[in-house]
Every structure is written in structure tokens, then in C-alpha cells.
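Following this line, the structures themselves.
Paired with chain B in one complex and with chain C in the other, chain A is shared by the two complexes that follow.
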Partner chain A sequence: MNYWMVLLTTVGIWVLLALSLNIITGETGQPNIGHAAFFGIGAYAAAVAGTRYGVSFWGALVIAMLASAAIGGLLGLVSIRLRNDFLAITTIGLNFVVVAVFQTVPYFGGAMGIGGIKPPQLGGLSFGPLEFAIVSWVLVGLVVLLSYHLQRAWFGYALRAIRDDEAAVEAMGINVRRYKVLAFIIGAALAGLAGCVYAHFMTFISSTDFSFNVSVTILSMVVLGGRGSVLGVLLGGVLLGIAPEVFRFISNFRLLVFGGILVLVMRFSPSGLLGQGSWLRERFARLRGADLHGG
Partner chain B sequence: MPPFLEVQNLQVSYGRARVVRGVSLEVAAGECVALVGANGAGKTSIIRSIMGLTPATGGRVLINGADVTGAPPWKRASAGIGYMPEGRRIFSNLNVERNLLVGAYQVRDQTRVRTSLERIYGIFPRLRERQSQFGSTLSGGEQQMLAIGRALMSDPRLLIIDEVSMGLAPVLVSQAFQLITRLHVEGLTILLVEQNAKKALQVAERGYLLESGRVVLSGTASDLSGHPDFVGTYFGRTCTTGAE
Partner chain C sequence: MFLQQLVNGITIGSLYSLVALGLTMVYGIMRVLDIANAGAYVLGAYLGVWGYTHTHSLPVALLAGVIGAALVGYLFQRLIYTPVNRPDDPIVPLIASIGLFIVMEDLFRLIAGPWTLTFPARLPFQRLALGGVIVTGSQLTILATAAVLFLLLWLVLNKTKIGLGWQATAQDTETSMAMGINTRAVLAFAFGMGYAFSAIAGILVAVHHNAVFPTMGDIPSYKMLAIVVLGGLGNPLGAILASMLIGLLEAFVGGYVGSSIPTDALAFMALIVILLVRPQGLFTSGGAAK
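Here is the complex of A and B:
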């Protein structure tokens, strides 16, 4: 029972991360190959708040989101003039810098990491695997709702239009910079949320938990599921989230497998499993008798 | 009263290549003005610079008397300019209706947005039929309708149309120019950028003829159409081309 609850929580955290990256990369088209940095900032902010200042899990959720959002906004502002390829490199750089800071600054526990993070309490009950599984999937549900809401609001239209043609969007009177920075802020804040859940769930974190490999895994989930498709990214997160368990016998080659999946998806189905124009999505649309419809 | 759009001595360069060399033009409220010239004359560079999408290396752009030369594109659009870019550039990841709604971004009043939407569907019934289709699935003519409709959604004071006839079948070109005439008759100010000079000057009241990034002729549409230089440019004389 506990094993399944732990797996459910882990997959939930991955899905949260994939959905958060989807807002930056999937919806707005801004390449972010260092998303684990925001995950780590959220986790460390929550861990420091909890262990040093006695902040509860619920308070740490807010602090983690704010910390990640602040760095996300800063990165968005700094890199707003960068071309996509340079932005991708900048995000990789941020990931390495963040990991290095966590690894070397004593305030963040240095190479020893931060331990002793207390599990959340609710009405005198200390969270166990079941409660964590429930909380993580309730958060997934809320982020899915938020993602769908964004897609159906002006904000979401603007983000998607930016992904298609920035110049044309700007000529419609839309301040593209503001929207790109906002997308970074929202995506980073949600990654920070996942980080807070992770820190309290693991009770111990270290810098290597947020390495570049983690960023590649999150990106793989978004690409596999289909950039911009909430359901697709959720599916990508679940599939690659449980993949380490299924492919445990090749755990040393996990990155190779993920890399291979990325290459195959980009070659044979650039829209991923459920992205716009993907084979599966077209099949579903035909079955529903609503070919080519969408939004 | 100043003209709605005034361009003074505009210069645009790409690296060391000067593609617009001191162009001045103006569009008064209620006018339909054509900017014509051969491929590579600098028409699109001028329009992109007016919209702020390509930085000017010299000169000024004034909208309603206000200098917007250093302003970002979205501020210029907010000043009342609707822009249909060359090549349509519709948003392929959004359906038809959402493409139109992005065009109405500046309109905060939802009742006005719905009214604009109904107006566009009235002008282009085909778009209503295709409202839930992705932009990428439309035909060339439908994409052109969508691009014009999107530019009209903000209820602009000036509509800039870049190469409306590009890639369209002759019958669709005629329909597009009929639509431009209708919009102008209804009172819309239009700056028409067109390679098909003959068609453009049939619709416009005034025009500018561009050659190698310079205005070589300007005047009323009828004066321009009958001018020997205009006839020479389009029916015989070889033009010196610049990058556009």
C-alpha cells in the first residue's frame, strides 16, 4: 500500500512539474531547459522556512511559490530580448548556478543538503504516504483546472499567439514582453509549489535532486505529451513518472532512454501524444465526428 | 489638424544595406492611400517600420501628431492602427474565433468585442462556418479573410494592409479589393501596400510610387496611373531593386 502511495505522490510531483513547464514552453513557446532550478528554489525555500523559521507546510507552500516566481520573473525580464536559442542556454546556465549555490552556500546546507523537514500537520494528523498522495493529486487537479482556465482566457490566447508569431501579436497591441514574463512567473511559481511538496515528502533534500537531468526529464514529459496540451502533458508526466519503476532494470540508462524518446517523438510525432495535429488527437477528433476542430 | 499618419524622411537599413532612403508620406483621416512599387522596392520595410517591427535608422513616425518613432509596436497599435501583415501570419495554434479575439485585445468592453465579432462574421460568413477550425486548416483565401477580420476587430482608425493580393487567385483578388472599397466607403482610413499597382490605384484616392527605397512619384491615383514614369515602371522600364 505504502509503495503505491509513494509512487502516486512521486508521479503527482512530476506531473505538477510538467504542467508548470507547459505554461512556459508549451503554451508560450519559450524554451526552458533548466526548469529544475525553479523546482529546487521552491524546495529549498520551503525547507529553509520550515527548518530554520518553523514555518508550517501551508505557509511554506506560499513562500516556495513566491521565491520561485521571483526568480522566474527575474529570468524572464533579463532574457526577454534573447533569441530562443540563447534563452535555452540561459535557462541551462540558471540550473547549474542554482545547483552550485545550494551545493556551496552553508546557509542551504552545502553538500550535506537540508534534513529534518517535518511532514505537514492537519488537525493533529501528521501526513503519511496516503495524505501526501491525496495532497499532490489535489494540487495536480487544481493546476489542471488553472491550465484549462488559462487556455480559455484572453491570457491563454495571447500566450498561444505569441508561440506562433510574436511580431504579429505585438502588432495587435499586445505587450508581448509582459506576457512572456508572466508566463515565466506562473510556470516558476507552480514548479516552486511542486518543490515544497517534494521537500516535505522527502524530509531531506540536496542539490543533486534538482540537477540538469531533472530538467531534461521534465522537458521530455512535455514533449512526449504534446506541447500546449494539458491532457497530453499530464499523460506524459504519468508515463515518464512511472517509467523508472517499470524500467528499473535499466536504471543506469534512464537518461539514454529519455533522450531516445525525445529524438523519436521529434522525428515521428513532433506534436507528441496529444498535441495539436498529433496522430492520436486526430483519431479522437474523427471518432467524435469533429475533425479539425479545436482551439 | 495633422494627418492621422505622418512619416518624415524615414530611413531603414539592414546592416549596411539601405532599403528605405528618406521616405516621407502622410495619410489623412478618411483617406485611402496606396503605396505601390515593384518587389524589393522597400514597401514592407516602410510598413514594418511604421508599426515598429523594424527599427528606423532615421526619420520620424507620427500618429495623430504624436511622435511614436521610439515606441514599441503594441503602443502604436494601441494608438488606433490595425495591421494586416504580408503573408497573413495568422495564429495556426488558435481557432478562427480565437484568432479574431486576439485582434480585439485592446477592446476591454466585452459587448463591443461581441459586436465586432458579429460584424466580421457578417462581412465574412465563411469565417463563421469555420469558427472552431484551427487557422492552419484554412485555405489561402480564408486565411486572408481572417487576417483582415483580425485587423478590423480592434475597430482601428487606420487599417494598414500589406499585399492583400499575395498568393490569391484572381477572383479572390477582385473580392479583396471590393471589400477594401466597401470598408473605405464606410469611413475607414486605409493605407494599402500593394505590388498590384493597377488594382490598388483603382481603390485609392492618392498614391506613392516607390523605387529602390525612394518615393519617385506621388499624387492622386488618376495622375499616378497615367504618368509616363508609372507606366514605364510597370510596363517596360527595368527597376533597380533593393532588399525589402
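Here is the complex of A and C:
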């Protein structure tokens, strides 16, 4: 029972991260290969607020989101000045710098990390695995709703139009910069939210939890599922989230399988499982005789 | 102290530049950030150890690394990069290259084992003491090899048909094709040469530290990205200058400030600061943004 609840929570956190990255990378096509930085900033903000200043889980949620959103906004402001491939490298750089800061600054616990983060309380009830599983999946549900809302609202149209042809969007009089920065702020804030849940769930965090490999894993989920497709990214997060458990019997080859998936998806189906123009989506469209593009 | 760190910095910078040159040559014509190039660095080191233990000859070790890596580079280009490359979606080849790098690293671990191999090569140079400055045999080997390779690359790029073809393709692929330049051959050349340079750097590092291990490419893989961007992507001379800059920065910070600042993050800190001021990189004449 507990095993399943822990697994459920873990996968839920991964899905949250994948969905949050999708808003930045999937919707506006801004490559962010350092998303774990925002995850880490949220987790550390929550951990510091909780252990040093006695802030509750619910207060920490807000603080974590604000901290990540602030850095995300900064990166967003930088991003509008950079070409896409420079931005990709800058995000990688941010990840390395953030990890280095957590690892060396004593305020953040240094190499020892931060421990003793108290589990959340709600009406006298202290959270266990079951409650964490519920909270993480309720949050997933909310983020899915938000993602769909963003897609349907013209914000989403603007974001996807930016991905497809930035110059044309600009010419139509839409303020591209504002949407790019907004996408970064929202995506980063949601990653910070995931970080807060993670910190309280683990009760102990250290800088290596937010390393570049984590960023690659999150990106893989988005890419495997299909950039820009909420359902696809959800699926990608679940598949790769449970992959370490499923592949346990071949745990020696896990990374090999992981890297292989990345290469094969990019080589044969760059829009992922359910992205625009992917094989599965085309199939569905044909079956229903309807056009599913843009969903 | 100052001169010693200068020598150390230039040595590190020379190693960085060998890897960065490969990346920047590939980027110059294909606009692909090839993280898997660092896999060639590790591959070179392993092939070098393998060649050396069988023949006890450093040139043979280098040759084994160069041939193996160039072949892998060519195959990656033909089988992966050319098919996935689309100018409007640079994230696709980038992710593919991350995948390739992960696969390579894991294959090294599975085939050669997770442990560290030693590379006790006999070097052509002796330790040199100039006043208070000590230049080790491996440092001299690195400096001499890098100097030879820089010269070689300059000659190839400026005096041979394929090198001039590379320069033309880097400026404008379509026009080059229309002018009859064999861009397929140029692509193969850039990947082969880029991976071979990386392999040589890997062998030199392995000899320098007397160690070969599966994850030795981790730090170079991402640090090189920072360096090639600083150097203005696709600009070989800029890549060398940026490598030296980062090498010296790391040596001096490491030597004077100590380990309180993580030196491996320095390249990225420098990158972020410089991109804020000059979004097109340090050594580009501007106009590269698109």
C-alpha cells in the first residue's frame, strides 16, 4: 500500500514538472534544458522557509512558486534577447549555477543539504504517503486544467503561433515578448510548486536532486509525450516516471534505454507520441474523421 | 605562482579548444549543438588505452582514437543528424545528441566496466623547470599537440578544397551547393574532423590524469557548449580564444581563490554574464542573431 502511494506521489511530481516545462518548451518552443533549476529553487525556498522560519506547507507553496517565478521571469527577460540555441545553453548553464550555489552556500546547507523538513498538517492530521499522493494528483489535475485553459484562451493561441512563426505573430501586432516571458514565469512557478511538494515529501533535499540529469529526464517526458500536447505530456510523464520501477529487472541498462528512447523518438517521430502530426494523433484523427490538430 | 597558473591555464585552455573546435565546426555548417561530441572524447580515451596496452606506442594510441572517433562522427552525421536536422526546430537534434551521449556513456560503462583504467603512457617530453615554473611532460605534450593541430586545422581550412568548402558552407549552405560545392562531403569532413579532435583531447587528458572512466565526458560535454557560445558559434578562432579565456579563468580562480568557488560552474557564470551584455557572443561581429 505504502509502496504504491510513494510511487504515485513520485510519478505525480514528475508529471507536474513535465506539464510545467510543456508550457515553456512545448507551447512557445523556447528550449529550456535546465528546468530542474526551477524545481530546485522551489524545493530550497520551501525547505528554507519551513526549517528556518517555521512557515507551514501551505505558506511554503506560495513562497516556492514566487521564488521560482521570479527567477523564471528573469530568465524569460534574458530569453527574449537570445536566439533559441543560445537560450538552450543558457538554461543548461542556469541549472549548473543553481546547483553549484546550493552546494556551496552555507545558508542552503552546502553539501549536506537541508533535512528535517516537517510534513504538512491539515486539521491536526499529519501527511503520510496517502495524503501526499492525493495532494500531488489534485495538483496534477489543476495544472492539466490550467494547461487546457491556457491553450484555449487566446494566450495559448499566441504562444503556439510564436512557436510556429514568431515574425508573423509580431507583424500581427501581438506582443511576443510579453507572452514569452509570461510562459517562463508560469512554467517556472509550477515547477517551484512541484519542488515544494517534493521537499516536504522527502523531508530531506540536497543539490544533486536537481542536477542536469533531472532536467534531461523532464525534457524527455515532454518530448516523448509530444511537445505542446497536454495529454501526451501527461502520458510521457507517467511512462518515464514509472520506468525506473518497470525497468528495475534490467536496471543495469536503464540509462541505455533512456538515451535510446530519446534518439529514436527524435529520429523517427520528433513530435512524440501525441504531439501535432504524430503517427498516433493522425490515426485518431482518421478514426474519428475529425481534425484533432491544435488540441 | 602567476606564471605557473598561466602555464596551467593555457594547458587547460588547449584541451578545451580541441573539443570546442569540433563542436564549432559542426555548428558552423549544420547549426546543431552536438553534445555527443563529448562522447568522442571518452571514446578516444578508451581506444587510446586499448591501442596503447597492445602496442605501447602513443602515436598508435592516438591513431586508434582518431580513426574510431572519426568513423563514429561520420555515422552519427549520416544516420542521425542529417535526417533529424530541421532549421526551424533546433531542439530536435539537440535532444537527439543528448540521447546519443547518454547511450555512448552507458555503453562505455557496460563494455569497459565502471571502474577507472590507468593510462601510464611514456611521453616524448621530460619535465621542464624554468625558474620557478614547472611544466610537466604531459603538459608539454598537450601544448605541443594542440599547437600542431591548430596549425593543421588552419592549413586545412585555408589551403584545401574541402576546408574552403567548409568556410563557404558555413556562410551560406544553399549558395555553396549551387556553386557546386559537395556539401555532403563537407558535412562528413566536419563531423569526422570534429570527433577526431575531441578524441585526441580525450587521450591527452587521460594521459595527463592517468585515468580513463566512463563519465569523464560529463563535465566537458556541457562546459564546451558555454565555450563555443562565448567564442561565437561557428567561429574556430573564437572557439580557441574562448577556451583559453575559460582555461585561464579556471586556473587563476582555482589557484588564488581556492575551492570555495566551484570552478566547473565558472564557464557558465561567465557565459550568462557575457550573454546579458552581448547576446551574440564574445567573438562575433554581430548580425548573427536570427
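Worth pointing out:
To be clear about the criterion, the second predicted complex is superposed on the first by the 282 of 295 C-alpha atoms of A that agree within 3 Å, B and C clash if a C-alpha of one lies under 4 Å from a C-alpha of the other, contacts with A are read in each partner's own complex, and residues count from 1 in each chain.
What we mean here is this: a contact is a pair of C-beta atoms (placed from the backbone, for glycine too) under 8 Å apart; a residue touches a chain by one contact, two chains touch by 3 or more.
These numbers were taken from a predicted model, which means no experiment stands behind them.
Of the two partner chains placed by the overlay, only chain C lies in contact with A:Pro31; chain B stays clear of it. Look at A:Gln103: by the touch rule set out above, it reaches chain C but stays clear of chain B.
By the touch criterion defined above, A:Val176 reaches chain B but does not reach chain C. Touch criterion met: A:Arg160 reaches chain B, while chain C stays clear of it.
When the two complexes are overlaid, the chain among chain B and chain C that reaches more residues of chain A is C. In the superposition on chain A, no contact is made by A:Ile23 with either chain B or chain C. Interface of chain C with chain A (complex): residues 31, 33, 80, 83-84, 86, 89-96, 98-107, 110, 222, 225-226, 229, 233, 260-262, 264-265, 267-269, 271-272, 275-276, 279, 281, 288-290. If you check the complex, the residues on chain A that touch chain B are 154, 157-158, 160-161, 163-165, 167-176, 228, 276-277, 292-295. On the chain B side of its complex with chain A, the touching residues are 51-53, 72-74, 77-78, 83, 85, 89-95, 98-99, 101-103, 105-106, 132-134, 136-137, 150, 154.
Remark: chain A residues 25, 29, 31, 33, 78, 81-86, 88-90, 92-94, 96-97, 99-100, 103-104, 212, 216, 219-220, 223, 252-253, 255-256, 258-263, 266-267, 270 touch chain C in the complex.
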